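Working notes, beginning with the structure itself.
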Amino acid sequence: MDKVTVIMGSISDRETMEKAAEVLDELGISYEMKVLSAHRSPDLLFEYVAQLEGKGFKVIIAGAGGAAHLPGVIASRTLLPVIGVPIETKVMGGLDSLLSIVQMPGGVPVATMGIGNAKNAALMAARILAINNIELRKKLENYREAMAQKIKDIKIR
Amino acid sequence: MDKVTVIMGSISDRETMEKAAEVLDELGISYEMKVLSAHRSPDLLFEYVAQLEGKGFKVIIAGAGGAAHLPGVIASRTLLPVIGVPIETKVMGGLDSLLSIVQMPGGVPVATMGIGNAKNAALMAARILAINNIELRKKLENYREAMAQKIKDIKIR
Amino acid sequence: MDKVTVIMGSISDRETMEKAAEVLDELGISYEMKVLSAHRSPDLLFEYVAQLEGKGFKVIIAGAGGAAHLPGVIASRTLLPVIGVPIETKVMGGLDSLLSIVQMPGGVPVATMGIGNAKNAALMAARILAINNIELRKKLENYREAMAQKIKDIKIR
Amino acid sequence: MDKVTVIMGSISDRETMEKAAEVLDELGISYEMKVLSAHRSPDLLFEYVAQLEGKGFKVIIAGAGGAAHLPGVIASRTLLPVIGVPIETKVMGGLDSLLSIVQMPGGVPVATMGIGNAKNAALMAARILAINNIELRKKLENYREAMAQKIKDIKIR
Amino acid sequence: MDKVTVIMGSISDRETMEKAAEVLDELGISYEMKVLSAHRSPDLLFEYVAQLEGKGFKVIIAGAGGAAHLPGVIASRTLLPVIGVPIETKVMGGLDSLLSIVQMPGGVPVATMGIGNAKNAALMAARILAINNIELRKKLENYREAMAQKIKDIKIR
Amino acid sequence: MDKVTVIMGSISDRETMEKAAEVLDELGISYEMKVLSAHRSPDLLFEYVAQLEGKGFKVIIAGAGGAAHLPGVIASRTLLPVIGVPIETKVMGGLDSLLSIVQMPGGVPVATMGIGNAKNAALMAARILAINNIELRKKLENYREAMAQKIKDIKIR
Amino acid sequence: MDKVTVIMGSISDRETMEKAAEVLDELGISYEMKVLSAHRSPDLLFEYVAQLEGKGFKVIIAGAGGAAHLPGVIASRTLLPVIGVPIETKVMGGLDSLLSIVQMPGGVPVATMGIGNAKNAALMAARILAINNIELRKKLENYREAMAQKIKDIKIR
Amino acid sequence: MDKVTVIMGSISDRETMEKAAEVLDELGISYEMKVLSAHRSPDLLFEYVAQLEGKGFKVIIAGAGGAAHLPGVIASRTLLPVIGVPIETKVMGGLDSLLSIVQMPGGVPVATMGIGNAKNAALMAARILAINNIELRKKLENYREAMAQKIKDIKIR
């Protein structure tokens, strides 16, 4: 079974990153969650990332705030696709996190989501895994239809 | 053979988006390139996107500038992973393009690259396809090693 | 009777968009309100927009936040004037919404209002309809005089 | 015949604002162009604006840069719809012009276009006038179809 | 006796602008306060501004938020020095107000203060009036010494 | 005769600051120009500022870029009105200069002009001096009329 | 024993700057704390800074907000290394403070920390002092290991 | 002899970083220059950083642009003081580089310089080394005096 890992740079990012976990649960995708800092525990991080492919992980979700190096640093140590989630901060609503994640140099890509949008990180992971997983693709289709239906059901005025 | 499509919102985005094509060529990934606008030719766009899965396309790269709706609009009409490239503009160096692409609502993800960074869009597509393609994964490894070697070879002072 | 439609991308935009409704009520302009998402329910949206002209709608007001594609996507599917309301977000106070709405490409215009300013969207709709409606023009004149009088009546110090 | 006026705050805005004139010409809409400053020639401006309705003008397009008060000041002296065009400056690519035009207070709306996008100002004027002008509406439809066709004709790779 | 007028664009600006009044009181400078909008009550504003010189006013303080045209519009209708106070808003902490006031075109200056800094507006008015008022200059000197003393008296750790 | 001093933080600011000199010349106001840095030659600066009042200077114009402390530092060493001119830089078009000058703490005001707008600094100095100088006030009136006339004379289309 | 001084521009900066004190305490570094304003008490500040080297101070930490001139002004009056801490404000989350501190002209450097990050200012002071202090270097190593261990100990899910 | 290393993330940063070398040469400080990327050659970088202390290096200068992780990543692998230089980019003049460097999390400090200001990085390194080097301190004093003299010698008007 394909697995996803959800890494965050600080325990304070947990509330945001749990939204990724909720979607992964809903879609039946296996995952684990870790707190690992690119700056404060680099060795621990590198050791963890080095073994991901061997253990069957296929996609990495990484959330970080401020000078948010975590997703980029991970992307430099693996060839798995890395999805970055900029955590909201007070500097222009998280623009520091966003730019630190999205403006990666040519050669080392990070698939960046909107500020605080861990939900979409999970859905992007699902789209990637669904390329070779018809069952998951069907679940995504149902998810999308449920979204549309929910909007259709809104009664206003 | 898995295929990638590279869509741009305007012919003026071509110079930027060609950098994706170069990397795809280098990695031996099949692709096609299209100019299709979310605003100026929506029907054409929707028709094109609707048939992508049937034709064996696995990943979509979409570049657009300004109120850059193209990647998000495509993501709302397919379940394939969509990689967005914000094209540089004069408004704060392309911040308008970046925010228009990355700040997608929960439910419809776009994997956003740095401003003008079509090269990384191709590499992200390659990482996604390499999950199930050992040969491509090997090519990515070589690509990465060549990058490191190139830096190692720089003589300065 | 000329009609206006007020569309919002999410039920969470309702509080902001109700301010448009209040002004339309005050000026006696017929309208309806809808929640329809460009990304999460595109088919529903297109179907709705396609029939607006036939039903006598003359002006469309659309509010959305973040990568706020709703007004632009509507403008690409109709020739009626579309008025866009950027909903406030945490990213620099709604700058993401504003840029995503106002920076439309040449060919497909959206008449953009200030961030969260649904009241002015209704007044702009009224100015447009008043071009051919003397009674409504008179109401706008009264509205404007009442504003000035209200300021004149303020006693300070 | 319905007429449009195109006002700019400085002769240096002319190159940008000519793009509005081109579209108005193309659509066969009558217009005149004026240089009038809200700050440097306020009396001249007010006198000009006061007589617009009497002379059969229906829509006002106003372009200005920096502390771009022109569209808002005009909107405070007429009930005709005013379309504002922020002229590009060096401060964050024209963000000063954009915010000075779009962030109008409740009560006095300006329909703001993208930075430097005078072309869309003309198209918005046309959409407004087309509400009661079937011939103009048909021209807009042709204009839109020509845009889509132009994109369809692009051969790339 | 030289007089100052403190004008604000909306009653909601009062709390901010009262800080100017406090300093003017403290320095014994005569002043009056008014709510007058450049957009919602332009005639009232112009009438008021036109008579200021005749009544012995020497300096004008004007506070406004958003598309904050009030100080600039006043400066276009008088030759007295106009001091502008950008009122705080949610768009990047009042950057819209600041840019709308400070980026005046060549020819019509506004002496802009920091966002929400009505206190400094009063002190700038005092510096201007003190050029020809030895008594007031002495008061400013005392004010400055009291500031320094207050800092000197702080005991920390 | 009342005098103005025009100080700049670097010789590279000269081109911008010469625009102040031109207007002062045109209005017949005496002035001198100096290059003095708050950071690189603080003693020189303080010595110069200390003697300004004694020599009959009434208004100080100070231009600086980047972390533009010059106007604020001067304002902390004199009670004369200080007019600040933010010099254009590459960081968001001079936003660093603007914020460093305008966001002064309560107690020490700087009258901030638009980015690069040394012309308006001279006009603000003139407005201040004109409070007690009827002849200069008349010159300002002529200056303003000439501006309006120049706009009136523009023939376009 | 090498000493550090922690200067802040206003008593309101105390809560932020205490975080520097906590780290200095933890690492056993001697320090004193002062409130001294570059604008409101410049003489007091200069007098204090002039005697720092003679008293055995080796590093200066300075925190300020808004037009945050304090660190730069200190750096112009000493040759000791100055570490600047931008205090958070409402303008884009403290971007004004950051730019006012970091954008110093060539010749007078300030070592700038993140917005509100007084903790890192203390750690930077410690790294500087540790160059010639083996004991302190050992303490920094323990500090770093404790950080990594703390992250290792987090149990999540 | 104490040594400094100047590391840059890309050969394209060389022109900017040479300005640090010039100042180090001028002050007679030994240094070496390296191109090493945090993302494209992480192993090379870590190996290089690991041996710096042993070889007698005391201060590290690191320049990088975009998602500029280099200085922070180095700071996580050493206890030497790290001085970061944000390289100018097109995104708001290098704001992406600045925020990616300066907004480091608590625990791992980077002494950030202004955008492109490698000259000040060298001067900050010199100030740090001068704490225990009287000769170098004297050179810094001369450097400072030469700066002041150069400004004193400017003849303008």
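Some observations on this one:
Note that the chains are named A, B, C, D, E, F, G and H in the order they appear, and that numbering of residues resets to 1 at the start of each chain.
One rule holds in what follows: a residue touches a chain if its C-beta (ideal position, glycine included) is under 8 Å from a C-beta of that chain, and two chains touch if they have at least 3 such contacts.
These numbers come from a predicted model, not from an experiment.
More than half of the contact pairs of A-H, counted by residue number, reappear in one of B-D, D-E or A-C; that pair is D-E. Because subunit B and subunit D carry the same sequence, their contact can be compared by residue number, and under half of the numbers here are used by both.
The pair with more inter-chain C-beta contacts, choosing from E-F and D-F, is E-F. Between subunit B and subunit C the centroid-to-centroid distance comes to 33 Å (mean Cα coordinates, whole Å). Work out the mean CA point of subunit C and of subunit G, and you get 49 Å between them. The distance from the centre of subunit B to the centre of subunit H, each centre being the mean of the chain's C-alpha atoms, comes to 35 Å.
Residues of subunit D in contact with two or more other chains: 37, 40, 66-67, 89, 91-93, 95, 102-104, 107-108, 114-115, 144, 147. Taken pair by pair, the chains that touch are A-B, A-C, A-G, A-H, B-C, B-D, B-H, C-D, C-E, D-E, D-F, E-F, E-G, F-G, F-H, G-H. By the touch criterion given at the top, residues 11, 14, 21, 32-37, 40-41, 43-44, 66-67, 89-93 of subunit D touch subunit F in their complex. Taken in their complex, subunit E has these residues touching subunit F: 58-59, 79-81, 83, 98, 102-104, 106-109, 111-115, 117, 119-121, 123-124, 127-132, 137, 140-141, 144, 147.
Only residues 88, 92-95, 114-115, 144, 147-148, 151-152, 154, 156-157 of subunit C touch subunit E when the two sit together in their complex.
Within the complex, the subunit G residues that touch subunit F are 9-10, 37-40, 42, 66-67, 69, 72-73, 75-77, 89, 91, 95-96, 99-105, 107-108.
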